[in-house]
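Each of the next two complexes has chain A plus one other chain: chain B in the first, chain C in the second.
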Partner chain A sequence: MAFTPVKDKYRSKVGEVTLGATREQGGTRAYTITVGGEATLPFLHFEGEIPNRPVVALEVWDVAPADWNPCFEPFYGDVYNNPAAWAKKCVEEFGADLVVLRLRGADPDVKDASPEDCAKVVKDVLAAVGCPLVVLGCGKAEKDNQIMPAVAEAAAGENLLLGVAEQENYKSLTAACMVHKHNIIAQSPIDINICKQLNILITEMNLPPNRIVIDPTIAALGYGLEYGYSIMERARNGALGGDSMLAMPMIGNVGYEVWRVKEANASAAEYPGWGEQEARGILWEATTAMALLQAGMDIVVMRHPKAAGLIKQNIDELMVKTSYEG
Partner chain B sequence: MKTPTVLFFPDNVAVQVEPGTSLLTAASMAGIELKSNCGGGGTCGRCLVRVKDGRIRNISAGKIAAKARQAGLLLACQALVEGNVVVEIPRDSRLDEHVVLLGEKEILAEQDEELSGDYPFHPLCRQVQLTVSEPTLTGNASDLSRLETALRRELDCGKIHISLPLLRSLAEVLRRGDWKVTVTVAQLDGCADIVRLEPGHASQKSLGLAVDIGTTTVVLYLVDLLTGITLGKKGTYNKQARYGDDVISRIIHATERKGGLQDLHQAVINTVNQLISELFAQSQVSGEDVHMVLVAGNTTMTHLFLGLTPKYIRLEPYIPLVSAAPPVRAAELGLSVNPTAFVACFPSVASYVGGDIVSGTLLTNMAKSEKVTLFIDIGTNGEMVLGNRDWLVAAACSAGPAFEGGGITFGMRAMKGAIERVQIDPETFEVTVSTIGNMKPMGICGSGLIDCLAKLHEAGVIDRAGKLQTDIDTPRMRKGDDGFEFVLVFGDLTECGKDIVLTGSDIKNLLRAKGAIYAGIRCLLRAVQLEQEAIEKVIIAGGFGNFINIRDAVNIGLLPDLPAGKYSFIGNSSVKGARLALLSQEAYREAQNLGNSMTYLELSAGNEFMDEFVSALFLPHTDLSLFPTVAAKK
Partner chain C sequence: MFIIGERINGMFKDIAQAIREQDPRAVQEWARRQEAAGARYLDINTGPAAKDPVKVMRWLVEVTQEASDLPLALDSTNYDAIEAGLEVCKRPAMINSVPAEWPKMERVFGMAQKYNSAVIGLAMNEQGIPKDADTRVALAMELVACADSYGIPMEDLYIDPLVLPCNVGQDHGPEVMVTLRQIKLLADPPPRTVVGLSNISQGTKNRELINRIFAAMAVANGLDAAIADACDDHLVEAIATARIIMNLDIYCDSYVDVYRKQQK
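On to the complex of A and B.
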């Protein structure tokens, strides 16, 4: 007897967000990337359309990261002090679909880089790579409210993805995205309601929903991965069920979270039973990312080039259309 | 040591108290009620008094505002009498005469006739003038038998009861009236109780009292049972307030303090007796003529009124001692009416859906209507009933006392001087307020708070999450002791001279209160699998102000987004339902049935309420599709 798969019908689908702008579109990018648009749960190709594949980003900092594991030295050591070259390497050598530039140096406790310095780094990186760019602030709201408008202005036309807007601090970034036509990352603390509230607050300032990417906040494997996972599931089910204020693509800082945990960093000397550190860290990062892909993540921000490679391969495999018919 | 005397100004009242008595208790003994939301715990900072002379000992400074301390004020609950003391009580500290909802004031017209029209006038007390057959040597039935026979000819009744004192008087009463006698009969549960006997055929008064015992307020209606006319209405604070603001703190006081149950029982009896004496003086009637008292209160209040322990209401699985208490005699409770008068309490549905809701449901007539009706009583708890003549579900959500002013910096009950309406200019952020009694503003009551939330959001002072927009250009937005706050009225225009503000945490409290009520409504709807559009009628009751602005209440997401025509506001439904039952035996019986026929939905079971609650912590809601007209306005 023929097997008939049970198909769910959904009322709606995830909205699409396009990042980057080519010359014709008023920017300087070699290509644009569109994420989202899923009309079914992750990778259920037989059930609904998945028009865009999830993308893999690599993380670049504007200052040499003092606390990264030494295992990154061989990959990024030569470009730690040159964000533009670092970004180029990520794209050309490690195959990143796009680059996430974290303006860590703007933190008053790090380098206290000025808005102008930050804008310049962004311009440099844009000049060095042809991929769409994501720019994150330093994480201190007051400072970010100074640098992000400058970044947005300097990169007007490039259709960046800027982050992060939070419930307690969304207005200035939203305004900057409105004026200079960028996209925004709306970050909520593993809370579906705040996620939704923030999207409403942002759209109420007239930034259209197709310019918002949700950062639901995720955690590394063993550190509450399942909380982020279930929030993402709920958001995606909400989106498919017709809730337009949850129907945005999702981004997650996998590399950032994973490389903070002991399991990724502790040496084999310290824990002989755990095996070699770098391989372990790569697998930890890739495993976390794989799980989150299954929850619907659209932009996976990785750190280790080898983990990124594994995830790209994983996405390739997941994007092969499954068909139970004929 | 001589018993110290405490003299209170400006009242000029002196009381003698034991050394070590707090000034709060002393004031209460002097008949002066002070504001005390925390029940004398020293934490609410409201029972401020000034000691003009004499010796007191402070247990602790308590939580008192710096300004108040500088002005020489201290907390009455923390000050113990050591010797003779002279105390001045500022007006702000006083529990003013309360504007308790007595009806006739709501913006939405009251519809008493329509609401209760189905019940015939058939009061719980009847008066019949009998002519009893004279006894003879052959017709030698006893006096009582002959009275019963005559009574049965007039009344359709089962058993006839008579109390011993009346029985003792019977022989002479019959003969003094030459076998003509006027009998007043109370009819509860099919029995006839003779409550009064008078010789002859002179018409006697027969009065009833409808009583609403709320956690916060107590309201009495004095009703003429022979004509159905309401002779007078009175309301005041529940004197239990000094033992805490909400039922939980009262239960704790009743069960954990020595004599606590007696304190609370006596406090509410005193409250009712005070209202009785005021009403009688006003209406020039005598307590002897009152033969029936019907009491509607939440489950805890009913327990405390009867002197029953509410202990297990608070403890899982939340079991009340009684849900339908048998009627008792007034003398057993010490009510100052005819000692043989019956005192009956409305049955409750569950520990947190009480007789007040049964009474309200009776009044709305929803249990006889085809229309799916939602009845919400916004009190210290938000209780609600959904249904029609075929089914009824009830739930209670702990909305907290925010809409009664609790937990809000300048919140107050609906008293004179309470801000009840607010206008905010979206350009200049100038605020216009109107107060109850058109007095200088003292604080904000429930209807004012609903208005505030709606208008603050409309004017862009807060965002949908309730966050104050600190970048707006007005001196009204400023940093206070508890973070940012918005000044509604500057001190030069207020009664107390202090600026009346709404703080960020006040707004969060209001969001939680309105979120809880809306979440309760959603859970009820979901339990019966209905969409909110299926609600054909919404009836709001409560004492949070003199009116409710339905539009504002919908805009903030307190009430479901339904056409205004579906709404009505009936004020204090509890006392009105009690009046209805006094005047109709059918209504009284229906109330007994209602207690049994409502299905109680326990919201604390499962996660659904919590999910709904969190989604509702937004203006109006995170699901805008539930508020189409609010969404469209945007």
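On to the complex of A and C.
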């Protein structure tokens, strides 16, 4: 007797967001990337369409990171002080689909880079790579509200993804995205209710839902991964069930979170039973990312090139269509 | 639970006048208002006084569709009038309604199949409205079986357990609640449920209060749809809140607005 898979029917699907703009579209990108559009739960190809594969981004900073593990030296050491060259390396050597530029140097406690400096770094990176670009502020709301409008203006037409908007600070970034036609990252602190409310607040300012990407906030394996996972699950089930205020693609800063934890950084000398540090860190990052792909993450922001490579391979395998018919 | 807006009905004076004078303004105004308020379907009823219900139904469908893109629920006991409406509906409609009686079920489910419509099936037959839940459920089962034999998917069958005014048939209230739950056990996937909400308060003094408390209780018992006054803000707020409490929608501070917007 033939096996008939049980298929769920969903009322709706995840919206699509397109990042970047080619010359014909008013930008200078070599290609655009579209994420989202899932009509079923992650990778259930037999049940519904998954028109766009999840993408892998690598993280670039505008200043040399003082606290990154030494294992990154051989990969990025020569370009730590040159964000444009760093971005180029991520794309050309390490195969990143897109680049996330974190303007860490704008932090008053780091370099206090001016809005003009930040805009220049963004322009330099755009000139160096052809991929769509994500730009994150320094994380301090007051300063980010100064630099992000300048970045948005300098890169008008490039259809960037800018972050982050939070419930307590979303107006300035939303306005900048409206005026200069960029997309926005709506970040909520592992809280489905705030996630939904923030999307409502942003759309009430007339930024359309197809220009919002959800950052649900995730944590590394062993540090509350399952909380982020279950929020993402609820958001995705909500999206498929017709909740349009949760029907956006999702982004997660996997590399950033994983490389803060002891299990990724501690040396083998310190914990002999844990094995070699770099291999362990790579696996910690890749494992965290793999789990979050299963919860519906669309843009995975990685740090270690080898972990990124593993995840790209994992996505290739997951995107092979499964079929129970014939 | 969503609302089927009840206002385009020849029982209301302004609609009756619109029909009489062939002036679509009142109909279209109510189509727009109910849509803005969050109705997901618009009920279309020619009213008892229409001399030529077939012609009136077609006209009402046509002028309503000029003002709103919502799907329509064609409400009549005259199946020729319903068919005339279905012929001109731009989107799959809902037939309101059919009792568990032959040959009415044949005619209605046949039309539903032909026009790809949903159907409201009434848990009653020639003997009238049952007194208890068990008889209602038995009649619901007849509707399920008949719909299934015509290939109507269960998500397009809305069973109405039939609500009586609480000052007339007070003992029916708990039976309706039990029926709402048991209908969900009749098939997998289960049929949907619907009530004519305002019936519960016919002839009472606190109509709006009774309507919205009943709505919240019915949501708690799994009700899927109600033919109701979409422009009653307190009713919509009560339904949206009941859905939050029943974990049917994900909470956020603006959940009432979200409920209204998502009906479209």
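Quick notes
The criterion applied here is as follows: the second predicted complex is superposed on the first by the 326 of 326 C-alpha atoms of A that agree within 3 Å, B and C clash if a C-alpha of one lies under 4 Å from a C-alpha of the other, contacts with A are read in each partner's own complex, and residues count from 1 in each chain.
Note that a contact is a pair of C-beta atoms (placed from the backbone, for glycine too) under 8 Å apart; a residue touches a chain by one contact, two chains touch by 3 or more.
Because the structure is predicted, anything quoted here is derived from the model rather than measured.
With chain A as the common reference, chain B cannot sit beside chain C without a clash.
In the superposition on chain A, A:113 makes contact with neither chain B nor chain C. Of the two partner chains, both chain B and chain C are touched by A:200. In the superposed model, A:19 makes contact with neither chain B nor chain C. Using the contact criterion defined above for the overlaid structures, shared-chain residue A:168 touches chain B, although it does not reach chain C.
By the touch criterion stated above, A:234 is placed in contact with chain C alone, chain B being left untouched.
Once the two complexes are overlaid on the shared chain, A:245 sits against chain B and chain C alike.
Chain A is touched at more residues by one of its partners, and among chain B and chain C that partner is C. Among the candidate segments 76-84, 94-102, 400-408 or 526-534, the part of chain B whose C-alpha atoms clash with chain C in the superposed model is 526-534. Across the superposed pair, chain B and chain C both touch chain A at residues 193, 196-197, 200, 243, 245. The touching residues of chain B, counted against chain A in their complex, run 463-465, 467, 471, 614-615, 617-618, 622-624, 634. Those residues of chain C lying in contact with chain A across their complex are 155, 249-254, 257-258, 261-262. On the side of chain A, the complex with chain C involves touching residues 9, 192-197, 200, 234, 238, 242-246. Across the complex, chain A meets chain B through its residues 167-168, 171, 193, 196-197, 200-201, 204, 243, 245.
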